[in-house]
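Only one structure is covered here, and it is reproduced in the block below.
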């Protein structure tokens, strides 16, 4: 647990989360969500929760993002907000 | 309207959360209740009691095996649900 | 064997859910018998546990995996949840029998195995929520129940998928809020077991974190059970769902949520926390009061029968909260009794709605004119259910209302008393409006025709017996629950109430 | 998706990658006892390998191996293994999921019986997770419009 | 007081419930069987209740606990002398009204007769239950059953007007029931008991103001059924119902049950002593006095015979409550006697109105010129009944009014004596034109031809007329109303 | 409240993440955005739980090199990170993915039926 690393990762995660809800392109939003998941994964590794981080990498950042992409593929990329 | 409601709700939730933060144990200390009450047994005994060095696996699959069973059932539910929702009716 | 019942009652429907899936791949006709077997077994298990609990006067503890709490997960069956389990088991069995025919009409045949699987998983979740003694385990089971609910609700008519989507959003907020509340309890106590938390919490009653955690727990469960300001998802979801689904979910899911609130407020937390330390019960009481009036008025504005009933559910939830708000023996007796009674009443009304839809294809109450000519039994059952909700003795709805009023009087909450009385009048208006149409509003073209032939034979319902019989049983249940409410209170509820 | 597009690079990479991913998935499962990993993670990796198949080749090729019925069967089989072990423990006289009781049928002491019990249920979890993830993905990516080879004339 | 534990009250109750079920099963296809069940249930019920009379006359009470509900609450049937009085009245008149309704419904070839007879039996189930209820909860239960069972009878015609009347009926009665529910809860909270005790049981259990509130809530609750003045609106509207129903509503079941409940509240929950201390009786007495006078004045203006009778009913019910509110032994006795005697007389009048309607389809008094010569028996009975209500001997109304007057003197409240006398004069004022019209006014045109209603309609009203006269000569004959009332007064006041 | 910032900063981040998720679930009009908000919401809670388990200077909860050795090793609770929150969150993550799966399936079903995933347009089309 290193404070600067903590802060940087948490900050990145926060930024990723906010931008994911912000951007108008859904595919970008989904990818940003994947990035958010990935930062979370790093944070947890850094906190010592290796199992959770592993799961997060496989499930959250991997499968979940795939699902989202699949859904965007099947619906639309455009959004008003 | 919806935005205003969302903002109001979000601010309310934020205030409630921040109000509660004060009384949480500081991050990373090892003598917080969460680390003292139940978990020591998992850490100290799980290897002896289950033979599994990875405590998370031991707790996940054995001590709290019931959770995991239902969690698997949750996945199963999701699978069946998606199948039922999206699959068009077969003749 | 009987000591294994707490696990069996949860696991049997689960295992049968997988069996149904597998059997469905092979032969779809096998699914329904399997569901019946699983649910009958559950009724036996639940009844057995209730008998044991009543005769033994102490709760059954069951350690899953053989690990003692607080390390392992524990199922505790005491008077309170044994009663709820029995009601859930009985209602779900009856609704399952009832559901068979409506499903044939409303759901494509190829989806039936999956549907039955989710149906069983739903019931697994409800049993588990009721039986478990572990906060986190409750979350997981809540999610099973919710997931299956999302999916089977979405199988309904036009708009059901969107209603289900909103339900997913709200349900996830609810479940996550519950999880967060559990997290707050965990971080300051280090335990997840309900029985273990009980002695740990009173030292921390002044902790802000505990208060926040409690708030999240209540909000989370409140969303799932649809108490007043958090009920927004409920009317759409339950109205548009297939008849069988609303007949299962509407009586059971919300009431199980009410059970969880009672469990958390009065077993996990000391009653003094929510009553004396913080005015939680008062706040809930006023929410309930506003909610009841709001729901009654909204129900009056509906012409869709099922949507009207959905608002009635919101009002009934308000009654249960009033019981909690009065926070004395009477109030809690009323609340617990009302959980059981309301399961039967709502099951009755929603099955009636389904049966009417099955035969006539409409849910608009203004098209129910003179329905009793073509559906005499169903109409009679509707009368039973409706009068019970209005609170006419000796039907069961009256007795719970009576204890709730006693509780509110004892707590000197005159406002709540007035609201309860007023709402029962509103309910009367609500239901007599429909009764009038069903019984006394002949279709205009027939008005003179039947006057001439006073002895026209009655056409019996076209609803198949497999639907009518469970409905009749539920109706009889309403009457019996009313007459024997004293027995239930004396032998079960009296022990289920925490000492104040 | 999934139009049949011949892309030699992707196909080749996938052909090489898929077996390794599957081995890795099994490794994660088997090593879950001593290092991070277990049924969920292994299952997801396994699922990822299968998800690559329809992406790189086409759905029909994938369907040949994984008919929908088979996937459903695997879904329920995994949980069934899990719950079945629980039942087995129950039948052997212990509580539900009390793997220690497995020592009655396995030639080991109760502690090691728990060890193996965990291994078995993790396998079950892996099967379910793998099958469900694949099934969800297939349904999401096609919007439920994929064909079964047994019903070519339909649709 | 000696207690006899016996299941007879329950069996008597179940007789009508079972009757209702059998009526339903017989259905529209077998009208004879259906009406046989009606009669059988009525006769069985009456004989079972009558069989308990000896116990009551010996000063015992018959008790049967159906089921224990909670500490101090049970569903309990208790037959004491007052309850017996009402139960006898209701079950006896049910037999007569049954005969009458069979004639009425068949002659008019009404629709939905099965529902009619079913609800009739259910209403009697409720009414007898009210009579035999041993505590407030049981009373409330049967009270609600009575309300609900009467609703389909009120809107039997299914016309818009009938539906509106039915809504009004429910609105008033269910609101009243809500008040009762509230006061019942309060009573239980204050005393921990709900059992009726002669002379009251709530004394000293709460502050005076709380008890006043309780009393007012009770009276508003039951008063809605007893049609005390601001709450009477539903009753005239409910006249759209078929005449036997109106007879049942006004003479026996519904409004009498309301009055019966009011008396239960006054005498068996609060008790004369407490009410005297609270000073509420005078308020109640003033209220009902206003009702008496105003109802009579309104009755004068009504042209519809049934509506006129309805306002007469409102007046008489209030007289009964006035008698009880005076809290003097004779007043109470008069009130109790008036419950039963008014029942006999008013049912006669309603059956006359029904018979006229069946024979001539006339409902308005102004159209009834010369009808007395067409229907001599009917109108003679009407005249006797009207005379009785006015208080002219030798009809039984005289006896009850006599005791009521004695009661006012006993209580030292001369003003209420004038109220009663004034009401009698007004009674005469609105009944006399009817009789005059019927016998002495010429019909326009044709010579009158004797055309009585069918015998099934006329016979019952002659029987009740005969009883009305009999009870004046021998107030204690056959049904022993006089001794029952006397005994009730004894148990309540301890003196005579 | 502010003085807790140095010792509780990850809880602060958790609170903000949660609120971002909540806001986006409530206020966004696009259903996909709502789902993204839902994911953030869930992941914030997971962050909170993992933070509970963290211990400064402790090892990850795996006994190194202990395969099959059993009881000889003396293990002290303070040396290892609390594994329980990790277990809970493994479950929660999987539940989260399952939620995502179901809601995306619903989303696609909705898109197929109404040809849009904007909430107001769907409501409009439902009312037609």
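As written, the chain order gives the labels A, B, C, D, E and F, with residue 1 at the start of each chain.
As a convention for this text, a residue touches a chain if its C-beta (ideal position, glycine included) is under 8 Å from a C-beta of that chain, and two chains touch if they have at least 3 such contacts.
Remember, it's a predicted structure, so these values are computed and weren't measured experimentally.
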Give me the fewest steps it takes to get from chain D to chain E if each step has to go to a chain it touches.
2
Where the contacts of chain B and chain E overlap, which chains show up?
C
Tell me, please, which chain's centre (mean of its C-alpha atoms) is farthest from the centre of chain C?
E
Chain of greatest Cα-centre distance to chain B:
E
Give the chain pair, either B-C or C-E, that is connected by more C-beta contacts.
B-C
With centres defined as the mean C-alpha position, give me the chain A-chain F separation in Å.
11
Interchain centroid distance [CA atoms averaged], chain B/chain D, Å
23
Centre-to-centre distance between chain F and chain C (centres being mean Cα positions), rounded to whole Å
29
Which chain D residues touch at least two other chains?
33-38, 40, 72, 75-76, 79, 83, 86, 96-97, 99, 111, 129, 136, 139-140, 143-144
Could you check chain E for residues that touch two or more other chains and list them?
none
Touching two or more other chains - residue numbers and ranges from chain B:
17, 19, 21-22, 24, 28, 32, 34-36, 38-39, 42, 48, 51, 53-54, 56-58, 60, 62, 64-69, 71, 73-83, 85-87, 90-91
Chain B partner contacts - residues on chain D that touch it in the complex:
32-38, 68, 72, 75-76, 78-79, 82-83, 86, 96-97, 99, 111-112, 114-115, 117-118, 121-122, 124-125, 128-129, 131-132, 135-136, 139-140, 143-145, 148, 151, 154
Can you name the residues of chain D that touch chain C in the complex?
69, 72-73, 75-77, 79-80, 83-84, 86-87, 90, 94-100
Spell out the residues on chain F that touch chain C in their complex, using ranges where they run on.
18, 22, 25, 31, 34, 38, 41-42, 45, 48-49, 52, 84-85, 88, 91-92, 95, 98-99, 102-103, 106-107, 109-110, 113-114, 122-123, 126
If we count contacts the way the header does, which residues on chain D are in touch with chain A in the complex?
1, 28, 36-38, 40-41, 44-45, 47-48, 51, 133, 136-137, 140-143
Touching residues on chain B, where the partner in the complex is chain C:
16-17, 19-25, 32-39, 41-42, 62-67, 69-71, 73-74, 76-78, 80-81, 83-85, 87, 89-91
